[in-house]
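First the structure, then my questions, so here it is.
Chain nomenclature is as follows: A, B and C, assigned in order of appearance, with residue numbering initiated at 1 for each chain independently.
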Amino acid sequence: MATGMASARAAAVLARAGFHRFATYRQATLAGAFTNTVFGFVRCYVLLSLADAGGRVAGYDRAQLATFVFVGQGMIAVVNFWGPADLAERVRTGDVVADLLRPLDLMVNHLATDVGRAGFALLTRFVVPVLAGLLAFDFYLPAHPATYALFAVSLLLAVLVCSVCRYIVNLAAFWLLDIRGVRQLWVVASGGGSGLSFPLPLLPDWLVTGLWLCTPFPALMQAPLDVLVERGGTGHAVLLVAGQLAWLAVVVALARLVQRRALRRLVIQGG
Amino acid sequence: MADEPGSTAGAYRRLVAAQVRSQTQYRTSFVMDLFGSTVLTLLDVVSVYVLFSVNGSLGGFGGREVLLMVGIASCAFPLADLAVGNVEQLPSYVRSGRFDAVLVRPLSSLGQLLAMDFAPRRIGRAVQGLVIYGIALAAAPVGWSAGTALLAVLAPLAGAVFFGSLFVATASVAFWWIESGELAAAFTYGGKEFTSYPATVFGGFFRRLFAYGLGFAFVAYLPALALLGRQDPLGVPGWLHWCSPIVALIAAGLAALFWRTGVRHYRSTGS
Amino acid sequence: MIIQTAGLRKDFIVRRKAGRLRRERHVVSAVDGVDLAVAEGELLGYIGPNGAGKSTTLKMLTGVLTPSGGEVSVCGLAPVPQRTTLARRIGVVFGQRSQLWWDLPLAESFSLLRHVFRVPAGDHAARLRRCRSLLDLDEFLETPVRQLSLGQRMRGELTAALLHGPKVLFLDEPTIGLDVLSKQAVRSFLAELDARGDTTIVLTTHDLADIEKLCRRLVVIDHGRVVHDGTVSDLHAAYRSKRRIVADLDAPWPGVALPGASVERVEADGLRVTLTLDGATAGEVVARLAGQVALRDLSVLEPEIEDVVAKLYRAMPPRSGPAPRRSARPG
């Protein structure tokens, strides 16, 4: 119990450090938020142009679409799809051995830093595109107060699932000298499969179901956004969050497995 | 191998060759990158297809017409990326002060930067773009004549010059503002996204700014109208549809001016 | 004059935090009106404390930085507008920034530079041959630059800067961080180059041994202004650095008075005394000394440049203004 408390405290410290580390890149953050906003405009107009006579696209009305796109752009940096390959670099250089000597678990370390970073992104890169979208388009504001709370939970789960997934991608560095290819694959799959490139309901139903059942990608963006625009009501929203939780459990288990294998490999190599 | 060094072109050729030689030390990455770029192109195509499949048209244009715009854009952008995309490295040269070394050699600073960071792996996307353009030209109802044939060749080249100018101009921002981060991407990658769709899709001040203010309509949308022999629903006069080469030259001139001014603002800090 | 500046100035705008969000704008003059005239074949030491504006001046002379004001001409050219023409006539070594290709063997960097500078093969080969023997390059000529030691790399940089036969060689801290042997190699190479007389050399350095061994003329700069321009002996004269006499005695020092000299310290149980000359000549003092004590041995010490420069820096007024100079001025 005491060690659990200590770990939690250490994780909190790491999260704070992650927050502050990214807070130093203030100007680059602003530039990034601007870029997200520009992409928000392009994507939003393209999707709106698809609206039928009733003003609906794949079950979203115009306001829901605008919210979907701009909040989605704001979430890119929070969920951090394209996070840096720090860990892979540390594996490549061998610095990871020093990390392993620390009392704190490697994955907890990675996750805590990432959550701190996400917190900073939430205050900066999330706010700018959302505000811009709010000013330029009709925005959908959730009717249920509970939706805001559910969205917060769903967003946190998205951050965690994404962080664990990237952790696994980084661990590939234990086997491959250069993980750029794996990262590219991750970027493409997570972009297309998560709702980042386009809302998933534009795809045939069987494919969306398949994505939900077989990949963690919809949990990264489609789920929180559907919760926010109240697609399918509160019951559906709870279902989405449950789905995210299930995927978090799966990817964490997978990450533990991969990590064990990776460390064994390190020991065998005499790393 | 001539013994007497002759032209400036020869000097550049050797700089490029040296860069390629030092890149071959990382051969697996090259294969990985080629693979990654192919998958990325595929994602682009799938995205447009998904959007298009919603109601069979985009912004009042049919599939084969939109494909023509996508074709021009997906030729122009990777060509520019291949030739000058590596100017994105400028912030790192400025931050580290490595730009000093560039300035004490008897060649154009921009030329050296492009030659020294030439990335042959980008050829992949350019070839893929050419294939898409070829298919689009064959499929679209182009009113063939000497004029349209010339434009069909010039449009992707003019688009490449336009995007290239944009790469240079946005990278030059780093001379004044080193931490500009992703700002350039808003205009280069954002612009590429914009040009892949008919300008009619967009609306409001955003269309005015991007299509005409920044000139993105001249990359793919207006030349495609000229090739298709269509009127612009937005009322841009017909003769302007043929003007993308001129707009590209103006953009190149402005970018050169921007670069020149930027070099004079270089502060040579860092170490 | 191969290098000529008049009122050369470089201002940097620095934004400083003032309060939580507000930022104040300051103009910092890194180089503040430098007049410099260097004749062909001279070897000039350009020295000053950290952040005095040494590197900034050099960067304006080489066309890297655009001056904020004043006039500058190098080899009869205006450095920034005629940068590429000038680049062929000057050689530049910035101690901290490599001119070489990181991933390629040194020899390949040299052959690339031949094409970049368009040097005829014969000239190139002759110059490279000379550098190879003078700087002992042969053992690492085929090694990628990233694997070279700092000393080896610096010898490579020197060669790279000279392969196109420049009229002027600019060196910014060429010996910084080098081991003793490499420092000596670089110094004797520069001395040799200087002796041949056809290359003008401008050198910034922190290393006082560089100055002692190489520089006949010294320009000292602080706060972006020239505070001394003359020979090393001028500097001694100006700052009245004193020669010293160290005498070893047969019997302990009796404490005699010597006009025009003062006792600096007495050591070795009174058997060694160090005198500072203060008005009298060495000859006078030695004559007087010999008449009063039994001398065993005697030596006259020339003043150390280190002391002079330390004194010079101390004598400079404290920095004015609140600007954070280190961040604004490289080197």
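The definition used in the following text is that a contact is a pair of C-beta atoms (placed from the backbone, for glycine too) under 8 Å apart; a residue touches a chain by one contact, two chains touch by 3 or more.
Note that the coordinates shown come from a computational prediction; the quantities given were computed from them, not determined experimentally.
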B-C against A-B, pair bridged by the larger set of C-beta contacts: A-B
Central subunit by CA centre of mass proxy: B
Subunit A and subunit C: spacing of chain centres that average the CA atoms, whole Å: 55
Mean-CA-position distance for subunit C and subunit B (Å): 47
Interchain centroid distance [CA atoms averaged], subunit A/subunit B, Å: 30
Subunit B: positions in contact with at least two other chains: none
Residues of subunit B defined as touching subunit C within the complex: 3-6, 10-11, 14-15, 18, 21-22, 25, 97-98, 100-101, 103-108, 264-271
Contact footprint of subunit B on subunit A as seen in their complex: 25, 27-29, 31-32, 34-35, 37-39, 41-43, 45-50, 52, 57-58, 136, 177-178, 180-181, 184-185, 187-188, 191-192, 197-198, 202-203
Interface residues, subunit C side, partner subunit B - complex: 12, 59, 62-66, 80, 83-85, 87-88, 90, 92, 94, 96-99, 101-104, 108, 112, 114-121, 327-328, 330-331
Complex contact set, residues of subunit B against subunit A: 26, 28-29, 31-33, 35-37, 39-40, 42-43, 46-47, 50-51, 53-55, 58-59, 177, 179-183, 185-187, 190, 193-194, 197, 200-204, 206-207
